[in-house]
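Each chain gets a letter, A, B, C and D, in the order it is written, and its residues are counted from 1.
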Amino acid sequence: MYSLNDMVALRREIHSFPEPGWCEFVTTSKIVERLKAMGVEPLVGKQIINPEFIAGRNPAAVQAALAAAQAKGVSQELLDKMEGYTGTVAVFKTGRPGPVIAVRFDIDCVEVSEAQEPQHRPFAEGWSSQNPGRMHSCGHDGHLTMGVGLCSWIAENLDKLCGTIKVLFQPAEEGVRGARPIAESGVLDDVDFLFGNHLGLGVDTGIISAVPGEFLATTKLDATFTGVAAHAGANPEKGKNALLAAATAALAIHALPRPIGPVSALNVGTLRAGEGRNVLAPNAFMQLEVRGESEEVNALMREEAIRRLQGAADMYGCELKIDKAGEATEFNPDPEAIAIAEEAAVKTVGAENVQHLDLKLGSEDATILLRRVQSHGGKGTFIVFGSTLKAGHHQRLFDFDEEVLSIAVNFYKNLLTKTNGI
Amino acid sequence: MYSLNDMVALRREIHSFPEPGWCEFVTTSKIVERLKAMGVEPLVGKQIINPEFIAGRNPAAVQAALAAAQAKGVSQELLDKMEGYTGTVAVFKTGRPGPVIAVRFDIDCVEVSEAQEPQHRPFAEGWSSQNPGRMHSCGHDGHLTMGVGLCSWIAENLDKLCGTIKVLFQPAEEGVRGARPIAESGVLDDVDFLFGNHLGLGVDTGIISAVPGEFLATTKLDATFTGVAAHAGANPEKGKNALLAAATAALAIHALPRPIGPVSALNVGTLRAGEGRNVLAPNAFMQLEVRGESEEVNALMREEAIRRLQGAADMYGCELKIDKAGEATEFNPDPEAIAIAEEAAVKTVGAENVQHLDLKLGSEDATILLRRVQSHGGKGTFIVFGSTLKAGHHQRLFDFDEEVLSIAVNFYKNLLTKTNGI
Amino acid sequence: MYSLNDMVALRREIHSFPEPGWCEFVTTSKIVERLKAMGVEPLVGKQIINPEFIAGRNPAAVQAALAAAQAKGVSQELLDKMEGYTGTVAVFKTGRPGPVIAVRFDIDCVEVSEAQEPQHRPFAEGWSSQNPGRMHSCGHDGHLTMGVGLCSWIAENLDKLCGTIKVLFQPAEEGVRGARPIAESGVLDDVDFLFGNHLGLGVDTGIISAVPGEFLATTKLDATFTGVAAHAGANPEKGKNALLAAATAALAIHALPRPIGPVSALNVGTLRAGEGRNVLAPNAFMQLEVRGESEEVNALMREEAIRRLQGAADMYGCELKIDKAGEATEFNPDPEAIAIAEEAAVKTVGAENVQHLDLKLGSEDATILLRRVQSHGGKGTFIVFGSTLKAGHHQRLFDFDEEVLSIAVNFYKNLLTKTNGI
Amino acid sequence: MYSLNDMVALRREIHSFPEPGWCEFVTTSKIVERLKAMGVEPLVGKQIINPEFIAGRNPAAVQAALAAAQAKGVSQELLDKMEGYTGTVAVFKTGRPGPVIAVRFDIDCVEVSEAQEPQHRPFAEGWSSQNPGRMHSCGHDGHLTMGVGLCSWIAENLDKLCGTIKVLFQPAEEGVRGARPIAESGVLDDVDFLFGNHLGLGVDTGIISAVPGEFLATTKLDATFTGVAAHAGANPEKGKNALLAAATAALAIHALPRPIGPVSALNVGTLRAGEGRNVLAPNAFMQLEVRGESEEVNALMREEAIRRLQGAADMYGCELKIDKAGEATEFNPDPEAIAIAEEAAVKTVGAENVQHLDLKLGSEDATILLRRVQSHGGKGTFIVFGSTLKAGHHQRLFDFDEEVLSIAVNFYKNLLTKTNGI
């Protein structure tokens, strides 16, 4: 079983080579190698990903990441098996009757430039990001390390366990993109209990919570308007102005009515339109999102936003293409799952360190996985592992207290001993 | 034949009871009475109006005008014959072969409050408007008087004429509403030469022009957006906001691309939306217009405006109703008609007073009548009779030099002597 | 002391002559007459209204209402004393030391056309509104009747009471206009406990609540844009388009960012712009409102809305005038006042009928009065008196169970017996 | 004196290394070298450029171009003299009294990717652009070659000439950026006659015109909105949304009223806003232009556009920076200059090939130079040298008939023989 030292080493190795969502080829290969060393042959590619439901995956970025992985020496055999899709699932079948427990860890980085300053430990100690503009500043390097550490314990103790244990290493959690195609692959369709988790979140090391707070349902959309170019000083009446169509849509989306009471949010975050100063803009590209306290509120906002995008395109005679770029749903944890987790947590850190929190957690696509599990009667919740931070998530000075790695593995050891112990 | 004094008396009687477009029941009855006194039984009602093509006619205003006409003693028999439609056409058939000549005079007033000041002759002399908010400040009182004066000459000289002469008293020229249903009635379908006319226009008394300048093609539209009301503080998400739909459309229409070179214009002139401060506006009503140097440019603007209205309604989930409220087309006078008119003009005011002008004349629905006449091979043009003004058209201090009444009748006398003289 | 029958008769008399905010001259005179008959000389005019803080008062409507009141025979002496301002305060000074208790009843109607159908009792029985387009469909006829009934009991029992009792009949609660100028008059500045109240609200007869739920802080604004007219077909570049300025502002206000979590709301409810189809609109008038769960949120929305109004006016070269048309603040009831009220409520309807509610109550300007009272250390809350309704508030079929009149008077009798009983 | 072959060789050398506006370091050095070989020491740097009036110059692009020029072996001594500014002026002083004649040739390329197809002669023959995304597809390679050819004749014939001749090689004509800082340097302040020119424009080889048609006055503007970022799902109310400010401005600019009659045009061609989907956009950058038949119309449009940009920024609480990115003015050629030019043209191509054209020429900053010359009493016009084209200007298949190079030099030889011959 991995010691804390082993895990720290792995975490730092991962930290130095961060890969963004759908591009985690090197990261996945490192996980797969470790698992194989434990005698586990994990699932990859379409075994865990239903391509039909992939969102927010940039083919050019994936190609570049594949090339980088090859250059980095990732085995072609593995890449072939992955079929272009990152992430992996370790399945531990004991052969004995018993529950199916799944734990999910996410593996992608964010687009942040890591601090290059002596005060920043990863830089000072030489294990900061080698990939400019990319950084594990959300803590997923820690998450996947917990997952590998947990697998090492399971592999060594398989004869003391019953049922099945699935450890899921999910790609593309940032932008809430990766969960849906995993859910739709069916890989979780026999799961009785699912646990997702996150370290940090403003909670100090040593605290564990299985009642963390609220997640918002969300939909991310990309809208592409295609008009017709025309020379503004010669024959503007021959053009179809995509810039104005998009401007009109942006205003209307921000103006859409919000229910009184339930939380909702929306944003048109980026807009890129036009090709030249003196040409009626023939194109516009817009990234937007809606959120809602419940899936119902989120759907209301989404449908209304789409209506306004389409109407604005029609106004200006433009074509509109809308792509879903990510999604998460509301969070409805199950009391039974909470009870099991809290029992494990108390064993791990003592009752006084097990808390009910009311965090506003933004959006998390673990909710999509949980909804899938719940759809066939499974249960689940989401665990927060406290870890004192150097700077907030997504900050360039982000760093966490690596002690959390042991705490998390111990928690799951206690949980599995309870649920799947013989 | 009417003397100038007779015409001045009629003009002032008409001036004192101005009626707006489609409401000229008293005005029409005065014309009809005069014509009957000359032994002419003029056409009215559906004989000259095709109701299918009526635009910009407010049923409530028409009802009120009808009631006022009855109160004023207009004969019920005449009103019955009119079938709710104003205007009349005197047809003089000589029974002898010869050309069909038509002359058009318009009869409606504008919505202006006439000056109540000693310096304003109509007020000082006691013949200013009795109808508050309405005034013959465009000069149509003069136009119809010319027409009646002309009829009196024709009636007395019918045995010296050949062919057919039609004198058309058109309702609802303001807002370019009346011409289309008259054209579509077919009453001009045998006309060889059509002449429309206007007095004043910045040209002094004594000048006549048969080459007056440019008219713009135009379409007037009324747009009605119907949404769904909702309490803004309780459940705004249940509403469909017609105010925002109309605001969006207004901006987009003003933003529509204009051809470089040919003249065009557009305006959203009025907007009325909403019912209460705290209710999502369930309705909006908008009056707009487009114009173009040619019918092609006008149509381009109109189609684009309609596209934007519809798209804006769709964006906000509103229903949209678009009504045509008026129309005029471009002006293409015929050289042959100009030649005839200029010969008559020279006889009337001398060659030195016959001018080619380059007035920007806005829009005139005589163009619709001329297009109809030209469609079967007829010819025509538009005559400007100079008349020194006290103030510009549509001004509250507007008044014209009544000398123009004689000049116009003499002009047509000369013209008819040439074209329809035996 | 008024019997239920007496109160029912008064309520129906008031119901038949509804007057909107700032126009309640007949209504006020009826209250004043009744109070005088009890030997009370109530305060009126600037004694209770600080004109500097009046909002949403239409001078023309007030003039018309004054004329109607004179026609209706309201004494000129009273009208003179009122100085053009409606509402009245009955002050009962016992001369004995003791607390100052104030109770507030509102007296204005809403702009709704009352149902003229047999199923509607006021119509069937002949006491429905004589004033077209106006109706007591919020229940303020009931409120003021409670107030008069309460005064009759106080007047008869003054020798059994100590301290001072103020019964406030407030004008213009609809649109939250009347409270601020009353607060600023200082008439409540010695009050120890203030109670406001409302009947109905979906709560059945017999229920009383002193913990009713939430009110939203709100600001009502009127925005007037003044541009420059220009002929759209001649020289549009000389105009300043107030219609487009207002359209731009409306969109931007609806698009303003809302805090995540705290309730907020906003609406541009009406827009009237322009004078004619072919004229660049020289004017626009807009009624809007913002609301917030707290005064802080409301202020945030208000300041941002004003910024957007001003920027939009500047964009189009228009002048902007903003008038405050009403305001209310958040609701922070005092436990001490709740305790007193609940004790009285239990005495009145029994403990099982005294409820804590969580109604979403929109906005109420009683909050402005309460804030004033609290600013000098006074306390208060807001009472809901259940009354089974025939149709919702502000509906044309609205009617309430008049039994509530007795219940309310009994409640206040019990309350005053406790607080001001000797 | 350069033969046509010499000029063709130079033109193709220039064609293969196109440089965009303000980056023409290699191009300028090639011209300077050729001039020095003729014994001429041309003016460069601040001698001909007033930096205060530079517009549309991207410092990063200039740095890259400088580095490329150094790599290409351009002498550091020349680069030092240029002081970072491209273009040059050859001044031929005869020492004899006589007029000052200036001729202007422009030298920059456009951002077009040159065709790589056998049918495209430059590619087939191996002299197409070596600089990806850049191409001499407007014909300025031809223009500057004419200028060098002309200089070679002047240098050889200086003893047969009187007065002064200035041959101006202007940078950054595309985007109408280069003329203003040259005008403001004063280098043309003694010029009696100025001639600009363009080849092609749809006119066939052998035709010359000194009355080419109309240029539009224009102003190019860059608008930068700076707001405040905020997380859209956490605290959007803390942000200032630059994307919405820019969207609002874009709509309002397209909606600005256009004079009826005189030609005008406007366009918001590009918009780049925002940093991430879930962040309120803290920035927006917009490129726009206005045009007008006269400087008056252009100024009207520009002032109104700026008003709307500023108002929109204010609405959303954003900062606004506006940079002028280019300008040209209206074209008022002088009859005296036209007469001189037409005499030279007749001598060059015969009277039957000298035409008056009515081209719509867009905008040209030679107009800025001409205005400067006219401001001290000088005269000028703009010459079109016909040259049959393979594809339109700014097209990837653009190529011209090199015969025009001789025709242009001969024209100016004839012109100078007339004006500055001894």
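The working rule: contacts are C-beta pairs under 8 Å (C-beta built on N, C-alpha and C of every residue); 3 or more make two chains touch, one makes a residue touch a chain.
Chains and their UniProt names: A, B, C, D = Peptidase M20.
What you are looking at is a predicted structure, and each value in this text was computed from that prediction instead of being measured.
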When I count C-beta pairs in contact, which pair ends up with more: A-B or B-D? A-B
Greatest centre-to-centre gap (Cα means) from chain D (Peptidase M20) is with chain C
Distance from the CA centroid of chain B (Peptidase M20) to that of chain D (Peptidase M20), rounded to the nearest Å? 52
Quick one: report the Å distance separating chain A (Peptidase M20) from chain B (Peptidase M20), using the average Cα coordinate of each chain. 68
Two-or-more-chain contact residues of chain A (Peptidase M20), please, as numbers and ranges. 233-234, 236, 241, 244, 248, 251-252, 254-255, 257-258, 260, 265, 280, 360
Taking the complex as given, what residues does chain D (Peptidase M20) use to touch chain A (Peptidase M20)? 175, 216, 218, 220, 232-234, 236, 241, 243-244, 246-248, 250-251, 254, 265-281, 284, 287-289, 291, 325, 360, 362-363
Given the complex with chain B (Peptidase M20), which residues does chain D (Peptidase M20) contribute to the contact? 251-252, 254-255, 257-258, 260-261, 263, 265, 360
Given the complex with chain D (Peptidase M20), which residues does chain C (Peptidase M20) contribute to the contact? 230, 233-237, 239, 241, 244, 248-249, 251-252, 255, 257-260, 280, 300, 304, 307-308, 310-317
